[in-house]
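Chain lettering (A, B, C and D) follows the sequence in which the chains are written, and residue indices restart at 1 in each chain.
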Amino acid sequence: MLSHFGAQIVDLGSALLLLTCFAIVAQRRLSACVDLFALQSVFLAATAALVAFLTGIHHIYIAAALTIIIKVLVIPRILKKVIERLNVTRELVMNVNVPTGLLICGGLAMLAFFITQPLIPLGFQLTQGSLGIALAIVLIGFFTMIARKKAVTQVIGFLVMENGLFLGATASAYGMPLIVELGVFFDVLVGMLIVGIYAHRLQDAFDSVDTSQLTTLKE
Amino acid sequence: MAWPLLILVATPLLVGLACLLVRGRRLIEVLQCCQAGTMLVSAALLVDWVVGQQEASVDALLRADALSAWFDLILGIVGATGTLFAVGYLGEEYDRQHVTPRRHRLFFAQFDLYLAAMLLAVNVENVAIMWIAIEGSTLSAAMLIGFERSKAALEAGWKFVILNSVGIALALFGTILVYYSSEHLLGVTSEALRWSELYRVADGLDQTAIKLAFVFVLIGYGTKAGLVPMHTWLPDAHAEAPTPVSAMLSANMLTLAVYAILRFKAVADRTVGPAFTGKLVVGLGLLSVAVAAIFFLVQRDYKRLFAYSSIEHIGIALLGFGVGGIGVFGGAWHLLNHALAKSAAFYGAGLVLLRHEHKLVERVSGLLRSMPLAGAAILLSGVALAGMPPFGLFASEVLIAAGAFTARPDVAYAFLALLALAFATLLYQVFRMALGEPVEPGRALGWPCRLFTATAVGVNLAVLGLIGLQVPSGFNTLLSAIVRIFGPGMGSP
Amino acid sequence: MSQAVLLVVAQTMVLLALSPFIVGLIRKVKARLQCRRGASVFQPYADLAKLFKKQPVVSTTTSWIFTATPYILFASTLAAGLLVPVFVSQTPLNFAGNIIALVYLLALGTFFLMLAGLDAGSAFGGMGSSREAIVASLTEPAAILSIFAIALTTGSTNLSTIVHKTALLQGIDTAPSPHLMALAALFIVTIAETGRVPVDNPATHLELTMIHEAMILEYSGRYLALVEWASGIRLLVFLTLIVNVFAPWGIATTLTPVAFGVGLGVYILKVAGMAVLIGVIESMFAKLRLFRVTDLLGVAFILALLGVLFFYILRG
Amino acid sequence: MSTLLLALLACYVGGSVLPPCLRGHPTLQNLLAHSLACAAGLFGIALGVAGLVASEPLTASVSSTIPYLSFAIRLDPLAAFFVLTISLVGLACAIYALGYVTEFYGRASIGALGSLFNGFLLAMTLVVLADNGFFFLIVWEIMSLLSYFLVVTEHEKAEVRYAGFFYLVMTHVGTAFIILTFLLLFRETGSFSFDVFRHPEAPLPPGLRTVAFVAALIGFGTKAGIVPLHVWLPYAHPAAPSHISALLSGVMIKTAIYALVRVYFDLLGGEFPWWWGFLVLGIGAVSALLGVMYALMEHDLKSLLAYHSVENIGIILLGIGAGMVFQTYGLKEFAALGLLAGLYHTINHALFKALLFLGAGSLLYATHTRDMEEHGGLLRRMPWTGLFFLIGAVSISALPPSNGFVSEWLVFQSLFLSFQLPDLFLKLMLPIAAAMLALTGVLALACFAKAFGISFLALPRSAHARHAEEAPVSMRVGMAFLAVACIVLGVAPMVVVPLLDRVVAPLARVSIEGKVLAMDGWAVAPVNVEFSSLSPPVLAFLLAALSLLGLGLVAAFGGLAKTRFYKTWGCGINLTPRMEYTATGFVQPIKRVFSAIYQPTVKLETELLEESRYFAKRQRFESRIEPVFQKYLYDPVVAFFIAAADRLRIIQAGSLHLYLTYIFVVLVLLLLITI
């Protein structure tokens, strides 16, 4: 009974994650995107903690905590800083406009569920739905990277993908071994730093981080 | 406890960290030379060890079977010569005051960490930690590519970071799927992520999950391996990175990505049979060869040229693994030959770049006359890369063709045709540079640079020539073991 | 053995002795048909004797090729002549070469004549060689095919064998049509190879028309004598070829003095007849333009080809 | 015999390794490299003869750690024959090179040249010795590569680079087809060993045999230079230094002939449908005719010779093709005859073509130009070179008593014997091929009348020619060697035929020595002496005796009156070179008669005097013939690829979003097909 109830809650959490994805796709203001990402990370941490509580696999707590620290506190800070420094507040031109984007994302979500359909029986009864959601989030994050032009939003898209992966790892697979979790977080952090550095240098070099202008290298 | 393995992985890590601490150019160069020597020796010892007793392992963390040992060999040799070349190259830049002492130090630190990450990835036993190591190599490579801080370098670096991060993320999802399906047989433990365990229970894994996982892994690591159409970052990065780094990207990092794909392929073959993976791998491989062969024609930048040649050869090798049978032997051997030839080519290109300070093919000619070392390096490695004996690439390509012909003749026909095309288009450019009369004087190189680079080139070409027609029996043992891993019998690695 | 040597010597003698006569005879016939009395048929002998005595003039620009050519030409033509049965059906040198060897021996002479034409450096010689080249190259295929047609009907390309068999009507195919077509083809080939009207005119020295004469324009004295004699022999060889291959009857098939006598007599009559025929043709036709010669030789080629075709069709 | 082999290999290896070690001493390098090559050549000749007369083939093998590869060699009569050919020409070229290479002191690295020379000869020798498909492919490619480097010896010239590259690409494409041939056999037998190919467990399916046949014909035909795959040849062979050209034209293209015979008669068991032989025959006829026709239009002496290689390959293939046709219908003896004729012409062509190229080299050495219109009058300045070139010219024009005549005569005979065939179509086609061969022969004669006449006779046409001097001794010795060989092979077939019979007998499974040699060796006959016979020695004797007779007649009738020397009559003005007949003028009638093939285009620019339009101030005449095959066959292909490459550049447009989209699309597609 409890586990059934728990499954409901986990699915709810995953669903919220997915919703924030759509919100990010729809949102033009960069800082708002960052906030939405932080919110998504909060949901992620919550879901993870819930899974940890229900399954009693304790190192997932650590993962959740790390999520709070890195993805809710640290990375949004960095991004905000970058945004301020580059004083780009909102993204007016996109490769794909918002309504189309939303439709495509809907399609991607359906695709994700369709693909993961055969895997459901494999999953734990507790976290049946979350694998599909995880894949959906990954795809949508990927799509965001394509649809948005500004470096920052691309980074956010990438981070959303990361969240999807994390959901897949913790929720559906009951968490990787701790060492792995730590490694992944470390890599994400370093990756963010490097991206930050690049954004910084690009800004100096091109005085813009509109990545669609980076087309000098071609055949 | 296999010392060679530990030393091989630890050396670049420690040396890299040391470079962050120590001061003084000479000291760093000495350190690098020591590292090169150690890597060569320990790689040789490791191969010997694995030939002797099937596998070498350090606790549960590191474990090298035939496949790992083979890639250790590639990374070891090329890593060593690459280090020497880097010493020479950066030394010249240093003398020309293009790099400050600090950045000189920083470069070698990143360079060594990069090598360390790759060596770790090849030998680590845990699937997910392999992923972490590969991600680590990606990030350090990202820093190295942008090292020169020119606009072009930054652009190339940015594209590299974004595309490869996406790729690596997809690869992680594939890894998770594997874990997802394996933990039901092995429990929610790190056991479920051990290669050896995975191979043991592979045929019990869920087929759909593994299929999906392989698709994610193929695209994810395929991005890193530069398979068409995920190759788009590759020419830019190879062209804009400092030349030693370009050499390492081509010869080591792409090879490493292939290793990762092969590991998963071995699992997938046991679960769903080689037909499925073979189809995908052969398809992407052929596509890569085709696109590269055509793109040789429009190259104006000789580093880009060799970058496309890497795309071609990675495609060829994967094709060999895809068709199976003797093709696997050919593919694995091809990777070694390609690594040696391609790094030699980039060494030559680096020297030309130092002399002429531009990368335009049409303004470079008569290299054989003007700078015999670079000319010979580019000409010989070009001829080798085009698939001419006595260099091994000819034999390995013939073996791959033979494998393809026994498995699926239509693939073999396409393969032979594309090889002929690539031959023409590549050599057209190479001969333009190597032959003829020199046009531009360029500026001379200092003797330390010449010494180090000559050593690097010499070692590469010598090894390439020696194994061209007759591989040492130890290599043969490894390759046969690899064939068994992917062979019909599917012997456990 | 000694008998064989004697036969060869005799045949050489006949060829040497008879060739100027044939040339003279043709001239005589043409003169008569042009209502002239013309020179005696033995005039060519006198010309040769005269030329042999005259002091030759040799261009300073020439090399040894120029002086060696007459001897090579003479030797090769005569050698070719020795492969043909003249008045005895079984020449001792039968084994030495078949009709292809004959064609190539004559080609050897032509080759050196072309070189000699170029050697003096005058434009005439070059022009002659150049024209000779095209005529010869167009003649050859027809020659080879007609030879093949004959070989088919007689089962051999060795001349003596052909002649002997035909003379005794042994095992030869009696269907005449291939034979006749081959004959026609070979006749045209003969006209072209020996430089007679309508392909070439031996009597002209207009630079626009001459071929053979242009090549030998620089020759004089004994060299000219040899060249003229050689071309006479060449003519005689071809006539012999035609008469003995297509109408060998009367030729000595046994080695008895009587047969020899008869054979020789009949032979002289036959070649004389052919000479008259040539003379008549030369007076009837005008010389063709160089680039119209191709048509004539094309006809020869087709005739020979039809000969081969007919042979196979009639044989089934 | 094995010691001979080892000595041969040792010399070649030494010759290719040592010279570069003596940097800075070109003379020493020259001596070392080429004397070692000479030694190797001598050993090779001995080895070839030994292999021809040996009862059992010599086999040796070194196993390799590479799967399916083993360095196996087998010296059967066929291989021995080609070893002999290679070594004969190699020896001559090595002697010649001693003097000729001095041209390149300071201009090219003599060490590299010498070692490549040795390596090239070694590779060719191994090609004919190889007994394992994989090994064969490797040495074959090495041979191509080394020959490429030799071709581009003077790579500072753009046209040389172009020629070399064209050659390398063509030959590599050919190699792809050769690989295909062996892969087909490999798939059936599971091995690359020729021995397994010879005796497969199950007979190969006919369809596969057909593919193998065609692939081999294209692959080896490219190397041999059959029409229409010959286009590279007239560029590459002349571009090389002359002693290398001699090797390329004389020997290397013969390795392709070797391979064809090996594959068709040996590996594929010598059983094939009639159209195989007919196809080879047809290609032979066309190559022979077109080869000589294009040769006629060349005024660059070495290009002319290169085109003649196409012609002679055609003649060789006529013989081999006829042999294949007869083989199909079980006429073993005739098959043997055709094969024998082809192989006889192979060695003959090797000798006289090498001789001619060496002669051309001496001209180049003396005049520094290959353009005939700049030669002239050289016979008086270089009498020996002239004599040897003349011998070569007589041989290649197949005039008695030269070796070319004997082999061409045999080819004629084997074509004539077609009346024994059951099939009417073939009965008609072979004589037509014979007619084409006849035309080829005479055109070749005309071509060499032009070549020799314009280059060696009359007045010098340029200052180069006026100041030419005779070539140094070693070059003359090299040529003399080949000239003598040409004559010997011409007048003494009774020596050659038995050896060739040993080569042919195992392939055609019948020995015809007794039937080809009539009159106890004094005459050769096409199997039945009744049909025809030829006695080169007697003909040679006749020619000599009768020219003496001519001399005698002269003495008898007029006595050798003193000759008067005077300048040629030039219509009243002194003769100048500009009044001489040019090579262009010489071939004008032929160009006009065969204009359908040449498609000549003429450009005439006249600049008239102001005062009168009847007088031209200056005129510029330009006449060129259409390179048909290149224009309609090769250029379009190249153009296609360049255009394709240009189109495809948009793939790499530089936009990160585009690149991400690629990955995304591939991901989604693969996921969809996976499910």
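Basically, a contact is a pair of C-beta atoms (placed from the backbone, for glycine too) under 8 Å apart; a residue touches a chain by one contact, two chains touch by 3 or more.
No experiment lies behind these values; they were computed from the predicted model shown.
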Identity of the chain that, by mean CA position, is farthest from chain A: C
Chain A and chain D: spacing of chain centres that average the CA atoms, whole Å: 70
Between chain B and chain A, distance of the C-alpha-averaged centres to the nearest whole Å: 31
Cα-centroid distance, chain B relative to chain D, in whole angstrom: 44
Where chain B and chain C are represented by their mean Cα positions, the distance between them in whole Å: 79
Two or more partner chains touched - positions in chain B: 158-159, 162, 166, 170, 208, 212, 235, 295, 298
Of all residues in chain A, the ones touching two or more other chains: 115, 118, 142, 145, 211, 214, 216-217, 219
Touching pairs - complete list by chain label: A-B, A-D, B-D, C-D
Chain B residues touching chain D - in the complex, by the definition given at the top: 158-159, 162-163, 166-167, 170, 208, 211-212, 215-216, 218-219, 223, 229-230, 232-233, 235, 280, 291, 294-295, 297-298, 326, 329, 366, 368, 383, 388-390, 394-395, 398-399, 401-402, 405-406, 409, 412-413, 416-417, 419-421, 423-425, 427-428, 431, 435-437, 469-473, 475-476
Chain B contact footprint on chain A (complex, rising order): 57, 115, 118-119, 122-123, 131, 134-135, 138, 142, 145, 151, 154, 158, 161-162, 164-165, 168-169, 172-177, 179-180, 183-184, 186-187, 190-191, 194-195, 198, 201-202, 205-206, 211, 214, 216-217, 219
Sites on chain D touched by chain A in the complex: 649, 651-657, 660-661, 664, 667-668, 671-672, 675
Residue ranges of chain D in contact with chain B within the complex: 64-69, 134, 137-139, 141-142, 145, 152, 155-156, 158, 161, 164-165, 168-169, 172-173, 176, 179-180, 183-184, 186-187, 641-642, 644-646, 648-649, 651-652, 656, 658-660, 662-663, 666-667, 670-671, 674-675
For the chain C and chain D complex, residues of the former touching the latter: 12, 48-49, 51-65, 67, 70-72, 74-76, 78-79, 82, 93-98, 100-101, 104-105, 107-108, 110-111, 114-115, 117-123, 125-127, 129-131, 133-134, 136-145, 148, 151-152, 155-158, 161, 218, 221-222, 225-226, 290-291, 294, 301, 305, 308-309, 312
